[in-house]
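Next come two complexes, and both contain chain A; in the first it sits with chain B, in the second with chain C.
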Partner chain A sequence: MPVENNVKILPKSVVCEESTLRGDITFSAGCVVHPSATIIAEAGPIIIGENCIVEEYATIAHRLADGASYDTNNILSIGSHNVFEVGCTVEAARIGDKNVFESKSFVGRGVTVSSGCVIGAGIQMRTAQLMPENTIVYGQQALQREAIEKQGSQTLQIDFLRKVLPNYHHLRKPNYDPKKARSVI
Partner chain B sequence: MSFMQPSPVKYACSCGILNPINKLFFCRHCPKLRCGFCVCHEIESHFCSNCLENIPSSEARHKKNCCANCFDCPCCQHTLSARATTVPVVRKTEESKDGESATEATPSPKPSAMPTTKKMYYLSCLSCRWTTRDVGIPDQGVATGTWPDKECLYQVRFNTLMEYYQSLVLQEKQEKQEFLRRKTPKQHKFPSLTDRTGLTVSLIRRQIGWSDKNIPKTKPINIAAAEATAEVEALPEDIFTQPINLRNITTVAQRHSQPAEQPEAVSKLYPQRRSLWIKRSLRCRQCEHNLIKPEYHPTSIKYRIQLFASYHVPEVLMVRCEQPLQPGQANAIFLKFTNPTMYDMTISVLDVAPQDAQISPDTFQQACRIKEEAVTSSPLLKTTGITLARQNSIREVKRDVRELTNATIVPLEGPFVLNQRDDSKEFDEDVQAPTEEPKFIVWRKANKVLIRLEFTPAAELQSGNTVTLGFYMQYTYVNTVSNTPDKKEPTTHALYSRIFIEAGDIANAIAN
Partner chain C sequence: MEIPDTYYSKDEYVETASGNKVSRHTVLCGSQNIVLNGKVIVQSGAIIRGDLANVRTGRYCVISKNSVIRPPYKQFSKGIAFFPMHIGDHVYIGEGAVVSAANVGSFVYIGKNAIIGRRCTLKDCCVIEDGAVLPPETTVSSYMRYTAKGTIEGGQGNPYFVPAAMQDEMVNYTKSFYEHFVRTPAPAS
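Now for the complex of A and B:
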């Protein structure tokens, strides 16, 4: 049974209309979603934290396990300040803050990404595992190393995109204001 | 056709090594095929492949063949790039304020409304996100240079060793000179007996009152020989009990990139200066003409002299065999010949070496009084003291091509003409006058000819064996190098080269 689309966009987010959004998705304030990015909430809702960037052809999927059905309590939570670069595919079980998924990388189901991790360009992570904080996976042999500090947040890039994207693309309007919602209650 | 895979057609170089045509050079002065093995490699210039800066060879040696500005990542060996950050600079007045916050400080004349910032730089790897901050190297105020060099632990030892060997070289040189001086008396205008003994000089010197002429002999400083010890530090206690965190241990590649230290811990990785690259020029060993000379500037990928074989020697392409290969069964192979030169060629395919065809190189060299510019010896050669005369003594060793054919060919009945290369012909209407062609020519267009060559694989071959057929291709080559000023006309030579073709594997025997 196809899940009804229910996309909540908080103010200050820039979500392009040409992106493919399916299911129950919540964008926190300051997110940037490029055109032709894909976010699929099949197994449960997806909540994306503040100031995340989802670039072109990036796919974030919350896929149904075999035989399972849509479950509102099965939430894929994505932290804040994450960057999903061009063409990456992320099906991770949980994603923390300040991670970078570089171009054409693949993170499969069962991978739990903590905070400050970098999945290098073209890296395929398919086995279920927990990635410790500040892990950097790089190179052809997918070597791992540990960074001293978390990756800096891309504030400049986000500000620039927020300014430029509305000039050339139709946007989905922010449709959910937490302040108003509170006033209603 | 043979893109990205080894070519089945190989040419025998004049030194006896088989190579595909794109790896061969053609010396127009000899005139012979040369390969990378039988030419003289010279360093034309040093440059950094990252910043493309040209570095003179003496400076390159001084800097140990490393670029002064560019660094490699010690973690993944990519190039590091400088990144800028803005750091707020704390004013001195504010500092004093912080220091003695309890006491009443004089109010600063300027309120700190305008925080000053300063640009600071650190190096970062875009591949593995390694930064100089990871190992605690402080940020620098300037983007390039000023990065501290990691002083090697054994630097002093290296320096003394180097000094020692340098003085040793000097001493040996002096001794050799002394020896030569004694052995060969100076050829004086008026030879006399006393010259031979060198008696007069020392006599005169003594009469004047000078001391005997003695060049102060350099004595090599003493160095302590390295001592081997059998005592090795014991393993740490916890090595068998504590789980190893592989992320803190360097990989073999990382250790090798830092040979002086070979650190075991990731925290000891330091940025490595980037090695320089070189531009090579190749020189024929027999006639000392340049075969390849690149343009000097590092940003240019062009050549000043380029004598690649594919510009001078007809190219042979294997198209296909007529039938599946069977031992002892007559077969035929289709070969495409292409003429790269601006002159028509006459080609014959032979199974034995033509006797009179090859001109002997010595007579040829005599014939062409080379009015070539004086052989430019590169600065490196001068500094190292290698003279060209010495190079010349490295004569190539003639080798016979190993007999590796296992098929017999039927030589073509006669020679055929390969038309000149004409780029404009590509656009012409294809109106070929019907000409009398030899039987073996299958197809002809512009400067290309497809021929059919009959051959028989050896009868004793097993299935799966590779069939190699070889032949001599004799071709006429028009030498356009103007040798003598009075003889302007290009001369025509009949040259040959041996060609080996891997026709394929013997097919599985057909079940009767």
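Now for the complex of A and C:
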């Protein structure tokens, strides 16, 4: 594979060393990545917005389409305040802000997730579609409806994790400071 | 019914003084906060998050491959708190299960790929079917079976869903699982 690992971590994010990161990945400020999470940037760079949580066994993949090759302009952009819970697999084409992917959910390629969506635990979404804002997918039949109330914010959890995780884990050091980078240029 | 022997290589598992058998390929975060009360098997790929809160398991528990034991959290107006998690004796947790329960009683069977939501309470002798999804804050009482369809069945002495001898069955099952989980014998040279 020609892609070399190029992981940029902005200050204030907590990325555990035991996570698997492959390809060109950028973590914005305040992200929390738990141990044994997997992020694979195969088809192009992944940029993860501020204050996202990626839990254990969660997989975020930017997979190559058949016959395609790595393309630096093919960016998978993930918005801010998203939560990827234990064991979820996300290969979506684009992800907005404030979404929750619950445990063991699967979001396939071609799905575009807007903002404020919740994919319930164990739900598989494989067909290409655009999820309107505040959609909730729930239950055995994967019913969809619009959220009645907004999702609570995850900032409190992030604050807690940011305090606790450094006490127990080896972290990848933030290696990219936008302020300094600007002064270099 | 006799369980066939499961072999593990000597290099892969660590056996502690109290008889716990823990794979080296597990992620035990915050190990000082994890108490395994003896004769517990933790198989490879399992994750126990002791860093978030204390985790206690009783005797003869089986934590299968790729399962995640994760203390539950609750959000308050000021910050969040992770709660300690207690697991009773003779509990079987199937492969790939995600357990975020506040309390798991004794003699509980949790199937493969089950998802136990945050702050659930599983009472003694209950069964969670394979692939069941428990929403947060669910209580499954004794002798009840939580099905993959999402219904709670049994109870009232109904033996069709959970056997009346659940306690003995789980004791036998976990004990024999432990006894048949043996080190590969050294090749005779």
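Here are some notes:
Going forward, the second predicted complex is superposed on the first by the 181 of 185 C-alpha atoms of A that agree within 3 Å, B and C clash if a C-alpha of one lies under 4 Å from a C-alpha of the other, contacts with A are read in each partner's own complex, and residues count from 1 in each chain.
Here is the rule we use: contacts are C-beta pairs under 8 Å (C-beta built on N, C-alpha and C of every residue); 3 or more make two chains touch, one makes a residue touch a chain.
These figures come from a predicted structure and were not determined experimentally.
Ranking chain B and chain C by residues of chain A touched puts C first. Once the two complexes are laid over each other on the shared chain, residue contacts for A:83 go to neither chain B nor chain C. When the two structures are aligned on the shared chain, A:160 is found in touch with chain C, with no touch to chain B. Of the two partner chains, neither chain B nor chain C is touched by A:60.
Once chain A of one complex is fitted onto chain A of the other, the partner contacts of A:143 are limited to chain B, with no touch recorded for chain C. Contacts of chain A with chain B, set against its contacts with chain C after fitting on chain A, overlap at residues 120, 139. Partner chain A is touched in their complex by these residues of chain B: 75-76, 127-131, 133-134, 247-248, 251, 266. Within the complex, the chain A residues that touch chain B are 118, 120, 136, 138-139, 143-149, 151.
Listed in rising order, the residues of chain C touching chain A in the complex are 27, 29-30, 47, 49, 51-52, 66, 68, 70, 73, 75, 79-80, 82, 96, 98, 113, 115, 117, 131, 133, 135, 149-150. Interface of chain A with chain C (complex): residues 18, 35-36, 56-57, 86-87, 103-104, 120-122, 139-140, 152, 156-157, 159-160, 164-165, 167-169.
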